[in-house]
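These notes concern the structure reproduced below.
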């Protein structure tokens, strides 16, 4: 793997390579370059996962000609697919070095560390939604119970926007979550359930089930389950497999044109 | 904090008083919520309804400034039911008898009257805290910014000691500090009476140590606090002021008073990232580099000293604060030459016993929690394990006192102040941040819908609020999170500066902390005064 | 093109959450939560997520300023420091060291706070040092 990265950097296949390296005991994202080729020896594949493809979109916006290599597990690969479909990345300029998925029920011999999270606490299982629950189980609750349980989860929301900010496939220049007429600003918790349902609706045909949102949620809201349900609907109704299909999703709330302008930062 | 942030999750009961944790310390509230979901009991006492109140086993709204009464009342019930830790009290504390005599007076009837909390709720709070085992007490400025701030803190400590909760995992008395390095600023001697590590300036030995290290003689007279300095300016005692990274024009009590004082100064230097309200009236402004533009260490609320790195070069002609200070010292004839911050850090750890075991290399990105007295010491996750700093823990008999101002016929409302979730302190940093500005662009005042209805005020309409110090007009936000007769004004917004209304005369006699949390005010719907006839004429003239 | 991820600590409250500053060619691009941080474990609040924005603000001061006839003019560091040193020396000479107050900052590093109180005590000769812990 290290040899491959060195090769790519040296022969100019890529201008830079996004991976990880250890820094004072912390596995952190790192950008490897030809100038500092010896650093590639420190390239690391760890269970820690950052949204490297989102960083790639930041780089591509500044220099559309830049050839970017990156370490990609299955979820990163799915994200890259969505980002190229929506013109956020140029598929000829992205070079993914596939690494083994962290082990996952999605794939045999693999289990994503993001899917076998820590055991959900007892009180939460009683009154809220168990983060480890599968979709069928969550659908078994009566409508009223579903409502009570989900509202319990949403009420915890700190409105950090972490789910959106960390999401590799959230790239809109203007975000509906910040649209004042739709969701009143300045209050904690945010208006519920609309805040979370608006985001869920926008995840239809976009969410690639990487789990980074739930991982970033300070209140352990089971966002992955929520968006997986949305993804299931898109699959059942439109026969669309987000992250695998090669076209844009038939259901999109993004409007006709996708803006490629820089996000305000 | 005597304990650690992640230690909150180990607690069986969490008692939050005077802290809107989800808004002001969101990542601490995460630990609270996780403890709750693991089965811990949650008690929330706050004059306002806060987000965590929704999840509490007992949530009460006590009267503003009645914290001592509430805590004494809780302790009365705990003692009456024998839920206190007698073994702990006899082995590790002193002053219990005198304290218990004071608590004896705080009967449920008296407490209910003083706090406005029902006797049943008082019992439930006392039971939840008193019978939990390891219980963690969290507080913030809602406890300290009162004329009885010190009494409030003492009462919190009394409660924790009464139930044997100091010096155990999952327990503790845990103040949540409001600024990233307020702990560090205190640790580093940014106080008028102590050098680094709380070594008193009046202590001859400490003075000799610093005097030798710094090669100069040192003043033995404790200095003035910020709350003394402002009147000190007006009395002609203070002539020159060097303000670093603060905006007292918005953060200090009584805007008019302070404004007047700053004009009296012969020389004011302000060092900041922005031309803040205070910088605007300075004689010299030093342009400082921001967080990402320098390296250094900060110490968080759980005493964890952590290192941060430089990400980008300083903007334009800005310099890191340490460099500016060193240059000024050198220009004053005292050479301060440092290659980098690590050199300063090594100098300060040599003089500070609680930091003595720390080096940049040891800190890494995880940091170390003080006390860390030697290089082989792992740091301290929770304090006072077998003994208190002073030996035995001291109970203080604290009697309840009313806040400095009570609502009366002229000023019938109680005003309290605080922060909201999207902004920080005086807003100099957050209001220029686009994503935070979107969340809340303007100031507002929270008012109960009942009160608003009586004044025929709708959401967003202007209210005029008057106190004995001044008046301001601010849009209303209707919410039941404040009780009728109470208003809440966030402190971030210079155009409706809360300190126009708050008092500089009401402060805790010992800690000199101003009573920001209670002021008596009057409220009315804003009315446009019709201009005088002569002014109309003049304006018409000017147009035509 | 060069891209870095630099560990830092959020400056918006006393919790001390770990962040990474993402930079591209010396420009601050975004704030990313540091996943393995002991305090925050890869989560942040709204303020933390936008930590880079105030640093990138066009409102930032770029040069030291000196007020002359009621108006600020840009100046050099040497001049700003010299003027300040001279004025403080004058005041100390005329009224004594305790006529000067220093407000240090709860938003600066430990090193900077240490140095600021050292300046007050060793150079100015006063213990009039305080900060906004109470406010």
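Note that the chains take the letters A, B and C in the order they are written out, and that residue 1 is the start of every chain.
The rule is short, and it goes like this: a contact is a pair of C-beta atoms (placed from the backbone, for glycine too) under 8 Å apart; a residue touches a chain by one contact, two chains touch by 3 or more.
Treat the numbers as computed from the prediction; the structure is a model and nothing was measured.
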{"item": "Pair with more cross-chain C-beta pairs in contact, given A-B and B-C", "value": "B-C"}
{"item": "Farthest chain relative to chain B (centres taken as mean CA coordinates)", "value": "A"}
{"item": "Inter-centroid spacing, chain B versus chain A (mean Cα positions, whole Å)", "value": "37"}
{"item": "Centre-to-centre distance between chain C and chain B (centres being mean Cα positions), rounded to whole Å", "value": "19"}
{"item": "Junction residues of chain C - those touching two or more other chains", "value": "4, 7, 34, 37, 43-46, 48-49, 52-53"}
{"item": "Multi-partner residues of chain B (each touching 2 or more other chains)", "value": "26-27, 30, 365-366, 421-422, 434-435, 439"}
{"item": "Chain A: positions in contact with at least two other chains", "value": "23, 26, 158-161, 218"}
{"item": "Partner chain A, residues of chain B touching it in the complex", "value": "22-23, 26-27, 29-30, 33-34, 36-39, 51, 54-55, 364-366, 420-422, 434-435, 438-440, 444"}
{"item": "Parts of chain A lying in touch with chain C, wherever the complex brings them together", "value": "15-16, 18, 23, 26-31, 33, 48-50, 55, 58-59, 62-63, 66, 158-162, 165-166, 215-218, 265"}
{"item": "Complex interface listing, chain C residues touching chain A", "value": "1-5, 7, 20, 22, 24-25, 29-30, 32-37, 42-46, 48-49, 52-53, 56"}
{"item": "Touching residues on chain A, where the partner in the complex is chain B", "value": "23-26, 121-124, 128, 155-156, 158-161, 178, 185-186, 188-189, 218-220, 264"}
{"item": "Residue numbers on chain C that touch chain B, as the complex places them", "value": "4, 6-18, 21, 23, 26-28, 34, 37-40, 43-55, 57, 59-67, 72, 76-77, 80-85, 87-89, 91, 94-95, 97-135"}
